[in-house]
Structures are given as C-alpha cells and as structure tokens.
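Have a look at the structure below before the remarks.
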C-alpha cells in the first residue's frame, strides 16, 4: 500500500476531532504512513462542505455511499451517532474497507455481534475509538502494571462524572432518546471507564448495577414550554468482578454538578497503586509500597518526558498536550496498523467486550441480580 | 444533675481517644457541664492502671461491673471490641446509666434490635460514637445541604480506603475473625461512610453489594509459619438507593495500597456539590452552580473560621485541628445532652439504622440481589 | 489586504510551535484572515526542507533574505536565538514587513531601543511572542482584575521554575553563553513572569536582584571530558515595585529539581486573589473576599467554558487544550491585527519594557542597589 | 531534679497554646520528665484566674514577679508580647530560672544581644518558641536533607501568607504599633520562615529587602471613626544568600487575601526537592531525581507513620494531628533538655540569629543595599 485514503462520515464534535487528528498526525509522528484526506460525508450540504474546507478534505458528499464506492479510499471512519454504526459498518466491510468506528460499537449487543462477525470475515482492520486508551498517562499506567511494579491488581474504581444534564431546563436531544442513543450515561461515558478497566485490569466477568434518570422530562427545545420524555439514564452505578479476581466499582453521571469531564480511576495493587483524572490528563499518580518507609507517598508524575509514551513527538518536557492529542495518537496507531497489516488496539473485539458489559448492566438493572457479560460470538 | 460522673470501659486505641476527649473538653468548651473522670475498666491490671494514671481517671478496675455498681457514675462509655457491646450496653441500661457506645452498635442486627429496645425502655441517653459526624467540615457540609444551597441531593459517592491489610504477611488479629468482629472492612469503616450518608442524605432504602477477602490466610502471629483463616472481608462495595430518590455508591477497603485513612465522599445536588476527604479534614470542597459563569469552580474552604462549627473554641483561623478533636466534640455533645435531657445525635437509633444497612449488604452479598434494610424495632 | 503571506525564520523548538500555529489557526478560528504559509528559512538545507515539508511551507530557503525580498510575504516571523533578532528585525522593517519576533526582543537594551524606534518609524505591526499572555486562564485573570472583582492589586509573586540544568553533567549550549544568550534564566524564563506581571499588574518601577550560576562549568559536549565556562545565570531572584504601589517577588530557576515548567504566579488584591500554574494551565484559582463567610475559599476554575477567552473555538467544556494552543491564539491575534491595522498586544513596546526590567535586574546584580528600568526611547 | 515546676507569663493566644501543651505532654510522651503546672501570671485578675482554672495551673498571679520568687518554679515560660520579653527574660535568668521565650526574642537586636549574654552567663536553658521546627513534616524534611538524599541545597523559597489585615476597616492593635511590636509581618511571621531557613539550609549571610504598609491608617477601634497610624509593615519581601552558597527568596504578608496561614517553603537541592505548606501540615512533598525516569514526581507523604518524628506517640497512621501539637512537641523537648542538662533547639542563639536577619532586612529597607546580619555577641 502506498498512500492510505481516508473517508470520514460525520462532521460534528467527533468528526471535528478526527479531522484534526488526520491533519496533524504526520507533522508530529514521522513514522506515520502516507495518508490522504480524501472525502468527508454528512447530510447537510453546507455543513459538510464547510467542514471539508476547514480541515482540508478533498471532497465532500451528502451521501456516505460515495465513500464506499471510491476505490482510492482504504478506511472508513465512522463518527456518527451510535444508531447509525451498524449499517455503516456492515456496508463498509462489504465494500472491502478498513473501519475505524466511534464508540459505542452499536446500540445493541445483537448488532455488535454481527459487526464482529463481519469484521472477522472481512480480513480488514476494525478499530474502535476508545481514545482514552491513547492518553500518555493511561499508557504509562498500563506499562507500570505490566512491569509488575504495583503487584497483582485487587481493585478498580472508576467514575466518569459530567454535569451537562444537571439543569432540568437543558433541552432534549437525540442523546436522551433510547431509539437513537441506546443508553445515556452508561453507553456514552460508562463505556469509556469500562473499556479502560478492560485495558488495565482485564476481562469483567459479572456485574450488578442500576440506571437512573434524575430528570425525566425536558423541554423539547431551549425555552420551549412543550416537554418530552427522557428515555435513557443520566446516572448509572455498577459493581463488577474481574477474571483475575479483582473487584470493580463504577459510576457514570451526567448530573454531577461541578464536574465537567472527570474521567477518573484508581487501581489498587498488592504492591502499589495508580490514580488518574482526565481533567489533569498530563499527570499520573503512582504509589509504590517498596519506597523507603519515611518517604512513601503518591507521586505526581508529569507525563511529558521523552521516556513517556507518544510524548516525545510533541514538545519538550513540561509542555502539556490537550484532549485532541488522544485522537492524533489513535489515528497514528490506526494508520500504522493498516500499513503493517496488524489490527491495532482497541479492536472490534474490544468494542464488543465493552458493549457486552454495558448490556449486562442493563439486564442487571432490570433483573436486580448479577449478570454475566455475553462472550464474543463464535 | 451537678457533676457528670464518667466510667470508661476499654483502654486501647479508642479508649485512649475517649480519655483524651474527656480531659480536654472543658478547657476548650466552656459550656460543657461539669464532669468527673471517675473510673476506667479493662482486663489487664497493669495496662488499665497505667491508662488511669496517664489520663487522670480516679479509679482503675479490671472488672467493669464495678463501674455499673458505682452510683456516682452517670454514663458508661463502652470503647471495647464490637462483640462485647451487647452485654455491656444491656447491663449499663439495666444499672440505670446513660450509655455512650463505640460503633458498631453490635455484631448482629438481632442484638442491635434488643439494644435499641433497652435504650428506649431506659429513658436514658444512648449515643453511638460515629465521630466523623463531628468533623467541623462535615457539620458544615450538613449546614450547606440544609440551607438548600446545593439543591436537592441526587447522588452520594463514599469510599473509605485504608491499606493496613495490603501486605499478606500482616498477621491475624481479632478484627479478622468473624466471631469477634462480625465483619471486616464493612463493619469497621464501611459503617462510617454509611452513617455519614445517613446524616447527610437521609435513610438508605435498598442495597446490593459484595464482600471480598483478598488475603484469606495470614500468619497467626508476626513471623509465624503457622497460618490462620481470615473469616471477614477486607474489601466491600455496594450500591444504594435513598428514600429521597438519590443514589449511592460505596466502597470500603483495607487493601487500597497507599491510602492510609482516605474517608472521602462527594455529594452531587441539583444546584451544587460537596466533597470531603478525611486526610484533609480541615478542608471542604464546595461548588455552587449559581456562581458567575466565568468563575465557577470547586472552592477549597479551610474550615477553621470562627463562623464554622466547633472551631471557634479552638484556635484562630488558619490553625488546624486534628483527628482527636472529633472525639472532643463528640463528648461535648454527649455531656450537653445529658445535662439538658435530650439525646444527642447520633443516637442508638442511628446506630441501628447503620447496622441495618450493613446487615442488608451482608444478605445481598449472599443472595446476589437487592436487599432492604430492616426497620427500627417497634 | 487579501491573503497574508507569512515568512518564518527558524525551524527549531519555537519554529515548530509557530509552524503548527499557522497550520491550525484557520481551522479553529473562522475569523482569522486568509493566510499563506509562504516560506521558511534556516541555515541547514536538509532540516529546513524537512520542516517545510512537515508543516506545509511552500518554499524553504537557507538565506532568510529571500523572505525579505519576496513581495508576497507580509510578515516576518523571527523564531531564532536572541542574538540574531536585532539584525533580522531591522532588516525586516527596512523591507517593509510586519514583524512577529520571539522573546526576548534583543540581548541588550540598546539594541531593543533601536528596534522600537525602527518599529515606530515603519508604521508596521511589531508583535513579540510572549505566548503566555494567550493562555485562556491568564486572559481570564486579566478580565477578573479589570472587572474590579479582586479590588486593588497589592502584591504579585511569580516564579518560573525549571530543572533542566540541575544536573552538572548536562553539557554546554549556546543558551549558556553570554555572547549568544545575553542572560540565562533571567532572560529566557524570567522574561515571561516579568511580562505577565506587566500585563496583569502594570509597569514595574524599580528592582533589586541577584543572579547566580550554581553550576559554572560544564562538559562542552555530552560525555566530553573537556569543560567549558557557563557565563550566564541559572538562577535569579528579584524584588520589584509597581507604578500602582504593588510589590513584587520574582524568581526564575533552571535548577529547581522536580519542576519541569512551573510558571506560576499569585496576585493578592484588596478584595480577592488569583493564582496560576502553567503545569495546570487549564485551571485558574480565584478567591473572592465577598463570598459568604462560611464558604469562602479558592475556587478551582476549569477554564474550558464557552464564556472563557479563546476556548469556545476548540472543544466542549471539560476538554482541555495544551501548551501549543497558546501559539495558535497568538498568531490569531497577530493576523487579526494585521488585517485590522491595529498592533496587537504584546507589542514591541511591551518587549522593550520587559527588557528594561531585565536590564535593571542585571545592573542591580552588579551594583547591589535598587535600579530603575529605562523608559521607552523617545 | 525531680519534678520540673513551670511558671507561665501570659494567658492570651500563645499562653493558651502553651498551657495546653503542658497539660497534654505527659499523657502522650511517656519519657517526659515529671512536671508541675505551678503558676500562671497575667495582668487581668479575672482572666488569669479563669485561665488557671481552665488549664489546671495551681496558682494565678497578676504580678509575674511572684513566679520569679517561687523556688519551686524551675522554668519561666514567657508568652507575652515582644516588647516585654527583654525585662522578663533578664529577670528570669537573674532569678536562676530556665527560660522558654516566645518569639521574637526581643524587639531590637541590642536587647537580644544582652539577652544572649545573660543566657550564657546563667548556665541555664534558654529556648525560644519557634514551634514550626516541631512540625513532624518539618523535622522529616530536616532528616531527608541531612541524609543527603536531595544533594546539596541550592535554593530556598519561603512565603508566609496571611490575610487578617487585608481589610482596611480592621482596627488598630498593639501588633500594628512599632513601639510594642517592633515590626509587623517581618517580625511576627517573617521570623518563622527565617528560622525555618536557618534550621533547614543554614546561616543567612546577607539580605536585601523591603517593607511595605499597604494600609497605613486604621480605625482606632472597631467601627470607630477616629483613625490611627499603622507604624509597622504589613508586607515584606527579601532576598538572601546562605553561607553554603544557596540563595533564598522570602515573603511575609498579612494582606494575602484568601491565605489564612500559608507558611510554605520549597527547597531545591542538586538531587531532589522538598515542599511544605502549614495549611497541609501533616503532609510533605518530596522529589528524588534518582527515581526511575518514567515515574519521577513529587511524592505526597502523609507524615503520620510510626517511623516519622513525634508521630508514633499520638495515633495510628493516617490520623492527623493539629497545630497545637507543635507546642506539645516543643515543651516535650524543653523538659527533656532541662532534665538532661542540654539546651534543646531552638536556643537563644537561634533566636538571636533570626533577629539579626530581621534587623538586617530592616536596615536594608532603609539603605536600599545588601546588609549583613550581625554575628552573635562575643
């Protein structure tokens, strides 16, 4: 393969983040394979044209099938709402494309299962955009765990707290309707902490949880008197067991007043601990029990050193990166994977495993019992 | 009543903290009723004599019944391990004494139930030592909630993390044996966060949880080759619903490597939030959603101002107090309550309610289902 | 003017940061005037060619005079070491170009003085790259001060701490030689805190200070046995008075072991205070004395809201930006200024004022007395 | 000597802190020599009687000479305003007593000089109450420095920030009048950071500084319309050099709005750094440059472990102590010193050395030059 042609579906928040990532990756990661920002697709002609112009896509289409039909496009990046993923992914694999899909993989596990089968059958790369796997501090956490420096993992505590739904006057959106979003806080941000737990601790084997909707009716539009029903959760909590014996406590909230993007976890091992918070994403807290007894304490590591993952390609030590950089790292890994023919992490299987946990939480919220996530389709 | 005579059972960690509290309270709280540190009881003659001498108890006994028999003693302070509480409390009320009992109230809900009945029948004061209710920052949190400044409470997140059992070589003790301790992390420190949730949010109406023992065998003594079975949990997590509709996520751990006494909670309301951590116990984090939009953020309040609860009696603003001061506040409230004939918070009913939640968590850990805490005995 | 043609001299650390800024600015700031990344110049042909290719400069030259001679280039961006600024700036104005110059303006106040005169005579834009003026949290600080919400400013405390010279085995470089760098910590990072003080508090009217070189000899190259003399400071401290009556305490260090890029200040006003640290550059600490007495405390504001300066153009609330974004904001302001014909802040006059303070510190370090910064040339 | 008889002069803020310390020390430090709280003296009969009753002093006097005349009193504790120290100390030594004196030693260096001579001539213990030397975290800092773990000390940065004079309506007091207080922020709180620098880094050899009075007129009493002149500083800053080649930057402020008792320092060594803040006095930040490169960072040490200084005598790990405990540690060391016949640190010589630095700062504030602290009297 020479130049990798990219086709992006979606120009919203995530579409913008991905567009920026493709624009930036080669300038900072010289080992990135050659890429071409070929086409962007979106339903509003004006908006998609503007997005193409802004970020440098060669073509703009209102029908994404044009991307599938283009033989110079190698990978389809699906940055659309979750209820569109299934069809777009299936069509993309059918068209012989690699697929880079926003999370969640799908809005139901049944769909996710078919998508995994299609991915396997295709022989193509299938990557899912759990971008927080690409935060340098998170990769460092993974390296520390794998080195054995904090011993065996015994407990994981993850909470992803936001507050944009704290206000009961905030209006309805597709994200608050079950038919489009599947679930609310669970699928959107609970998915991230679930995936991080999978990455850092290993497979979750059972869960018990609950879903809540603190504000169940909202204006159908800003300042409207007409009200609509919120049909997804704005809060979820669940307990989990891991295959390796560790335990987990999870919470995802969009009503945690004062917390804008508090995606935080702590991992306690037999010999040390690690803590992270996305609002301080350039830092990692690390504790080692074998430090000298008088000077033991959590270390605040500024993860901007040349020895740290991804970071040496950006700026000298002490010069922090931002949220958007996680997407640059993600597409870097995607493009390298395509060039090398190896499916980079997180794969569609990772996407399925996450979805299976969310599905088990949903089932548990109804049954009131512990539920087991479904295994990968055979 | 003129001078309140105190009889203390126990000279260990908690006995020392209580002894210090009785010694200190009058010097700093001038409204404290007159008190007499009459007698201390404990089974080891040498140790109890030493404790009496150190803290100024007039008499030392190896049999606590001497305290019950002493008509000059008005209140029995029970600072013994949990499995002794039941008999000592019942005998104390029978002897016509007020009772100040360390938590947990008992090791079983059945016993707690009988203790509550005995307390009611006695017409005496029955107080339980959930001392973290008396942290100035916690009382401030309560005041802020009651003022309505953070709106209606929607979620509570509490974790009490310690690490003194992280090391598998740490030896057995009575606290690790079910017959003496009832439960482990759940009853000892989980009790504190449960009680704080009751104080700050209101009654818990259902729970689902799990108990874990990460290290299930330990040396029977330091450096011993012989191993004993740990029969209580060293980790617990549970989800909860509150009567007012709020949700709760709880974790108590003695294996959270690097966390020495991290008793922390966060409360999210519709108009603001509050966060607390015992390791920074002179501070409270508070967020108000109606602050000006450009300068909204969690405020770090140093709770040492003259307007803050309890604090004005100690030192000028900016001069922090320590852990032991919570016990001074507690016995202050106890003594004032006795003098005024009103039962101060937390009462035996509070002790029962906490125990009922822990009991429900234990049942849930077996049933795998949501369980409802038992109501107060009729 | 239609499209603004840019010519950049320098492809090192700062050249890279500026190149990235020009690449990014239009995609995120739609009000940016049209720009053309015309030419980049640098002495090493291979390196400058590579830089042009990486960031998308149309032409690469080894002689910067080619940029001056190009009539399609409107602004010369000078990202070279300080000892080159004087000639390059003078030639650029002589060639009728706008100038955007890295700090410091020059290595001597005499040169800076001539540069200011040339700038005035040219009628062109002259901007200096004190990029920390463009941190959203810093601009917010300025807005808060100007609103009067913290009252009159009484004291400023700034320290810029790094540690890359802590190790005596770190080798020599041009930055450690007086003939190329002028001064060390003083001119490189002390300049930043001085400029921030000017921006936030106002003109400095007198200083007393000292310069130190903790490690005065270093290997001439990594692992070399030959040693060279370090002829600039690696530490400086100075006291200052401001025109408005406030006082200042400043420190700049490259030997503050453990501090990578700790550019921090605190401003105390009669009614409130503000604190900032570049290592947490998306946050600002703010205190208001008129908050209710029981909940007064420093607020930690996450400066990522749509109401905050610059930020709304990037990502939704809670998604942080990084160090490089300050340069994007800087070039945005530069380009808008050029299009509108108004000289954006910080101007060459700001560059001179900063230089005059550093010059006074240098004089004070010799005289041992308070010294007055020279005024702007007439 | 058998029982050490204590006589205390003063019942205000410091008198209360000392009284509490004598009451508490034996209960927690079993190696404390036997002591007797013999007498307290103060000018207001009612207040001193109340203080005696509250804290358990056997006798109360309105004339402190009664204490000097009492042969059962071994040590005079002088907790009075600074302008009284000179006569009280001289008389105490003349009466053959040990002396424990609040800081500052005196209001002038001339007086301090005579006091040091009297102390030497007496052969008695002379201790000064720089209580922050007895914070466990500060003693730990000292131990770390002495162990060589942070290498040679290169720079010290200390600021003691309070804000009780931020409000121009706060009324006059003796602390704001030169004849009673000597200096303001400099002598009261600047003295503490100066002494800590002496303890941790070593002798200061030269200083240059300034004194400021931001609010120079105040109501003579609360809500009074009559105004009085403030004749001492409410802000001071100074630079210093140390005998060992290190540099220092100091600031003391009573107008740092929002800072209640922010006594903070940072020490940068060639191999590590240490940072402390009194508002988090149970914590110490420590950085070691020889930590593994990927996990280097400031460690937050909770200084409550049994291996930490003083702490094992209080409570188990994780249970914090408060401000008052520093005074308990101080009187413990005093009493042990008296029993052993060795003068505990900080001695009158330490008190003089601190005073000499403050004197040099005062001279420098007038001369505008670097000044050298006077040496100890011969």
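Lettered A, B, C and D in written order, each chain numbered from 1.
One rule holds in what follows: a residue touches a chain if its C-beta (ideal position, glycine included) is under 8 Å from a C-beta of that chain, and two chains touch if they have at least 3 such contacts.
In this text, all values refer to a predicted model and were calculated from it rather than measured experimentally.
> Which chain pair shares more contacting C-beta pairs: A-B, or B-D?
If we tally the C-beta pairs in contact for A-B and B-D, the bigger total goes to A-B.
> Looking at C-alpha means, what's the farthest chain from chain B?
C
> Whole-Å distance, chain A centre to chain D centre, using C-alpha means?
Between these chains, centre-to-centre, one finds 54 Å.
> Distance from the CA centroid of chain A to that of chain B, rounded to the nearest Å?
One centre to the other, that is 41 Å.
> Report, in whole Å, the distance between the mean C-alpha point of chain B and the mean C-alpha point of chain D.
About 36 Å separates the centre of chain B from that of chain D.
> Counting only residues that touch at least two other chains, what does the list for chain B look like?
In chain B, residues 296-298, 302 touch at least two other chains, as defined above.
> Would you mind writing out the residues of chain C in touch with chain D in their complex?
Touching chain D: residues 150-151, 154-155, 157, 159, 161, 163, 166-168, 208-210, 212, 214, 235, 237-239, 241, 245, 247-249, 251, 253, 255-259, 266, 268-273, 287, 289, 296-298, 368-370 of chain C.
> Quick one: in the complex, what on chain C touches chain B?
Residues 140, 143-144, 149, 283-284, 286, 288, 291, 293-302, 305, 307-308.
> Which part of chain C faces chain A closely enough to touch in the complex?
For this pair, the touching residues of chain C are 13, 17, 20, 23-24, 26-27, 30, 54-55, 162, 164, 260-262, 279-282, 302, 304, 314-325.
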